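One structure is given below, represented as structure tokens, and several questions about it will come after.
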Amino acid sequence: MNSLEKGKISGSQFMWMMVTTVLPTAVLFIPAITIKNAGTSAWLDGLIVSTIWGLLVVTVCCTLGERFGGRSLLDYSGEILGQPLGKMLGLFYIFIITYTNAIIVREFGEFLLSAFMPETPILVFNVVLLLLAASSVRNGIEVIARMNQFIVSLMFFALIFIFCLIFGEANFHHLLPLFEGGVKPIIHGALTPMGWRGEVFLLLFMLPFLSNYREARPAAYKAVLLLGLVLGTDVIMVLAVFGKEAANFVFPVHSLAAYISVAGFLERVEAFILALWVTGVTIKVAVWYYCATLVTAQTFNLKDYKPVVLPLGIIQVVWSITIYDNIREMVDFFEKPWITFSLFFEFVVPTTLLLIAVIRKKGGRGSEK
Amino acid sequence: MKSKLSLLAVLLLVFPLLAGCWSRYEIENLAIIGGMGIDRIQEDGKERYLLTLNVIRPGLSGGGTEGGSRGRPIYWRITATGDTLVDAEKNINLRSPRLVFYGHMRFVVISEKIAREKLPDVIDYLARNPEVRLRILILLTKERATDALINYSELENTIAREITEMASITGSIVSKFKIWDLAQTINQLITPGLDPVMAELMTPVTAPTEPGGGPIRILRFGGGGVIKKDKLVGWLTDGETRGYLLGTGEAHQGALPVRLKNQPEPDTNINLTRSSSKLTVKAEGNKVTAKIVIHAEGDLGEYNGKEEVATNEGVFKLETKFREEVEKEVRQSFKKAQELNADIFGLGNRLHERNPKAWKKMEKDWYKILPNVKLEIKVTAHIRRTRAISEAFIPK
Amino acid sequence: MFNVLRRKLKTTFGKNKDMKVSHERFDEGESDHATERHLITRSLAKNKKTMQEIFSNWGDIEFREFELGTAPPVKLMIIYIKGLTSMPDVHVSILEKLMLLEGLMEEVASNGNLHLIKNKLLPIAEVIEQNDFITITNQVLTGDVVLFIDGEESALMIGVKGWSDRAVGEPPSEPTVRGPRDGFTENILVNVAHIRRRVRSSRLKLEKMNIGLLTKTDVVIMYLDGIVNDSVVVEVRARLNKIKTDAILESGYIEEFIQDEWLTPFPLILSTERPDRVAAHLLEGHVAVLVDTTPFALIMPTTFFHFLTAAEDYYTRAPIATIIRLLRLVAINITLLLPSAYIAIATFHQEMLPTQLLISIAQAREGVPFPAFVEAFIMESTFELLREAGVRLPRPVGQAVSIVGALVIGQAAVSAGLVSPAMVIVVALTAISSFAIPNYSGAIALRLMRFPLMVLAATLGLFGIMSGLMAMLIHLSSLRSFGVPYIAPISPLIISDWKDFILRAPHWAMFTRPRLVGFKEPQRQEKGRVPKPPKGSK
């Protein structure tokens, strides 16, 4: 592993990276989907239910990683499952991460298309986004982490800007009634955000870059809690301003930003705010992209991950274009297959690996070092 | 490092090649729309939409005097018909050399016929267009909407500006109309147990305002149209609208003429300076009672009686009148709402928020229950001061 | 694409064998004729002949033969270059002292003339024995006087360098309202003295070297021992030692040889002509490199934000300095983004403008034949042209250019309908903002970057601008200056360094040095030296 990447990141850099791994697209898509499914209780999903799920994923992944001394999943999957199965797992994750990243790219392309320039071919956005991500990937994890620190501040600035300026329009009666319809819609609404929150499972591959891998667990917990706070606020504000109407918006946060009007002067800022968002998404894509190239390099025992960057990029561009026919297919995908899909690779696989490792007594104190 | 720079170079080389397409319009190629009017008319033996747009002529508006001297109106009023709204929108381009640009549209006027029959279509059309902002104001008119889009403005330099300023500044001074924007309108339309009252734009023709000029059409707000579910069911007068606004806590300032003594003409005017209201709805079995607690504050705006009012008792008397007047106005509009069987005060919504179980039972026959709802009104009214003078100088 | 270019450059310059051969020749010493005879002889006549060979065809070399006023007289000869040597010193301290001895000594021969002259007769501080022609030649070339004594195997090098210098004046590129007014000159000794006067510490180390096989330019590395990161000094030294070239004429040569990355618009080494600024950076743990004949010192390592600070920030009051820095931040954003934002908004995001402004712009653009991008490009290029002309033109013509420029850019272009008034405002704002950035090379980098951003804005609107900025950020994040990340206090995030970043904390609050350069001795002063009114006063 160390031969592939020499860069090291600190605990706080890791935490912000986990935040960026989830936040940029989640903020855009989650409110509409949860409000549609959970109605006025949607904010509970964003704030609490999916956060608990995120903590669970972090616990499983960190326990697994720490059991094997902070190495990357691919370093010990062979140990747990035997070499052939371990490599199969590698192939599986190459597919998963690349595919998910293609979805992320598509999501954002769709967003830009609807929000900015409806007449532009989506290919342009996707290619530009992936080119930027590819060049950050080639610069290594350290540069990504460093950029991310700067960009996280931009994203939070954008969000706080939106939330503060729209606060005057918020009507918190829209959050009532609480718990209408019982627990079922809440759980239903939480499924999609759960899958999103579970994206922190990428830490399985990023543990080795931490200067001290034991910092990963608290950092990831903090990241998940912060995400809960931000996404919870996100849903609350959308709900408070638009009520259930928000369920029909494609990008409620975009509408939120467009709805800002302070003293008839500070208005029409959505394009500016959402241009800031481009940066966040680039980093998100870069993190996923980076993990994908790394897993590929590890699976095929390459000495350098850089030759993989270009082919994976091309695959992602192609996938991101062909993956859905239209935007509704995409949103439908998030509401249905995505849940099982993400549940499987974010939670079921790591948990199974952990169980097998415990049963077969691999890793842990005995085999550390 | 290398990759990055080469990447940058590639980007820079590729982009100029791609330039010149996609969503790129120079400002001078855009027809900036100030407002829109939607009508339903008979054409070729069938009902079609009539779309009227107010296009700002940039060459004339900014300079001011120059425009006037050439004698061309600041607005270009253009109409087109179509089977659907988008069809009509596209048909505009049969006449317009510039692209219709809705990014700066400020208001939409909807005629009564549309409001009675096609409101959901219009709302969908407006909300679906990404260029149309959620802040646009939705107005109803009893006349033809196309008449409301006059091609001159009286005080501000554009008519759109006049209407937005009235909505945001002067509207809350009189509290006789309330303009909702698109997002608010949609929100009220889809909330069960809440029926919106949308502002009415009147377009009377006045006597000549300038020497030598002919009679002109002016714009005036007042009252509102009650939308039940998705259809216009009736109109509120100015006074009823204020009752509705007082009852929902949307009234801010306004003039309340009252009679202090029993006489035909009002002799006193109380200035409303602020008000708020709180609505609670109780359901017992099938009996629903609503309680509106209103807190109003005001001062003495006009008084020409003989009695002393600038005393403790005088003010107390005034406050009693104030209270009665507020209650009367709210009751009147509540009565009107019950007559129209529309839930403009949002009783159902409040019940839903606070008591979802009871609401679930009643939701289906809410409009059967509504006419029998008993209303309690509690007003606390305060006159804080008598403004610049105390008693009347020349009492009648 | 650039790989190929780079490889080509290498083969053209790096692997040139002739160059290498000549290098080796130079390395052994530069005296072209006297290579076989290195040492001087006892015979004055022979030595003179050798020296004459070395300095053949030299119009400004002076051979002066005379006799020591002893009995018996001793033949002497001084050689110096006119113009590089202080003539009063030669007259008064050398010739007068040696020639006007009357019947002085009889015991001459016992100790040797050399020691007599060196120890008793020459009232000059710097006198060194030398017997090697190459060294002697090199010394003469620096302006020293060489004294040959008949019958001695060594000559005396007498340090009486002196040539006319520009007087110390205000640094023209970095003026201040409040702060010292002295700037560097072309004389490295004076420059070093300026710095030494400010930092009177024995820990201020100075390493001297000569770079340039023909120019033999003096180069000095300065640093504060114990504060500086030693590995940076080692790295600077190594990079300077690696330079094998024949000429160094300006600090810019050195900068290009030792910077971390050449293919970037952003300066990776700070150059300044203010000694106070150098001193301040030395005290933070930076390394300074001074080059003779250059009124600029190089400071390394540097971060991007050093280019946005001015010396004056530290002399004005802290809150005001902070506000000025915020203003500069605004200036940077305007310089970089305003023209592209104008293009993006005017062609893609018209809904962002207030309606009234949109109408005004539409009205102004009514008669303009070009798209917004072309309009902006023409105007911005014109501005760059004017700026360049203004710098380059002889001073008397400058005024004419500015008048013509104002007419062309402003009035005439608008009334001719070539550009819209809005565009003129945009260009003017950009220009003013770019001059508000204190460092010239920093400003010019940002000014250049706005052109690609304009292209991106014209293609993809705000998204284009953002992707351009992202590419810039990726580039900036990957840059390092002598091991220090280029955008340091932001990423990696070092909160403690934010005290001197956008914020300029009061001096008593800046009690630690910047983390990445001054970590060896982090403490500047005690913590908590907050000024307080004396106790007992109300």
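Chains here go by letter, A, B and C, matching the order in which they are written, and residues are numbered from 1 within each.
By definition in this document, contacts are C-beta pairs under 8 Å (C-beta built on N, C-alpha and C of every residue); 3 or more make two chains touch, one makes a residue touch a chain.
Note that the structure is predicted; figures quoted are calculated from it, not measured.
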Top-ranked pair of chains - ranking by C-beta pairs in contact: B-C
Chain closest to the middle [Cα centroid of all protein chains]: A
Rounded Å distance, chain B centre to chain C centre (Cα mean): 67
Chain A-chain C separation of Cα centroids, rounded to whole Å: 47
Centre distance in Å when chain A and chain B are each reduced to the mean of their C-alpha atoms: 42
Residues of chain A touching at least two other chains: 116-117, 120, 124, 128, 132, 135, 139, 268
Shared-contact residues (touching 2 or more other chains) in chain B: 1, 4, 7, 10-11, 18, 23, 133
Residues within chain C bordering two or more other chains: 348, 351, 460-461, 467, 471, 474, 478
Residues on chain A engaged by chain B in the complex (per definition of touch): 114-121, 124, 128, 131-132, 134-135, 138-139, 173, 176-177, 180, 241-245, 248, 255, 258-259, 261, 264, 267-268
Chain B-facing residues of chain C, complex: 1-3, 261, 263, 346-348, 350-351, 355-356, 358-366, 368, 371-373, 452, 455-456, 458-461, 464, 467-468, 471, 474-475, 478
In the complex, chain A residues that touch chain C: 10, 12-13, 112, 116-117, 120, 124-125, 128-129, 132, 135-136, 139, 143, 145-151, 265, 268-269, 271-272, 275-276, 278-279, 282
Footprint of chain C on chain B - complex, ascending: 1-2, 4-12, 15-16, 18-19, 23-28, 30, 32, 34, 56, 58-59, 61-63, 101, 103-104, 106, 131, 133, 158, 160-161
Chain A-touching residues of chain B, taken from the complex the two chains share: 1, 3-4, 7, 10-11, 18, 21-23, 127, 130, 133-135, 164, 168, 183, 186-187, 190-191, 352-356
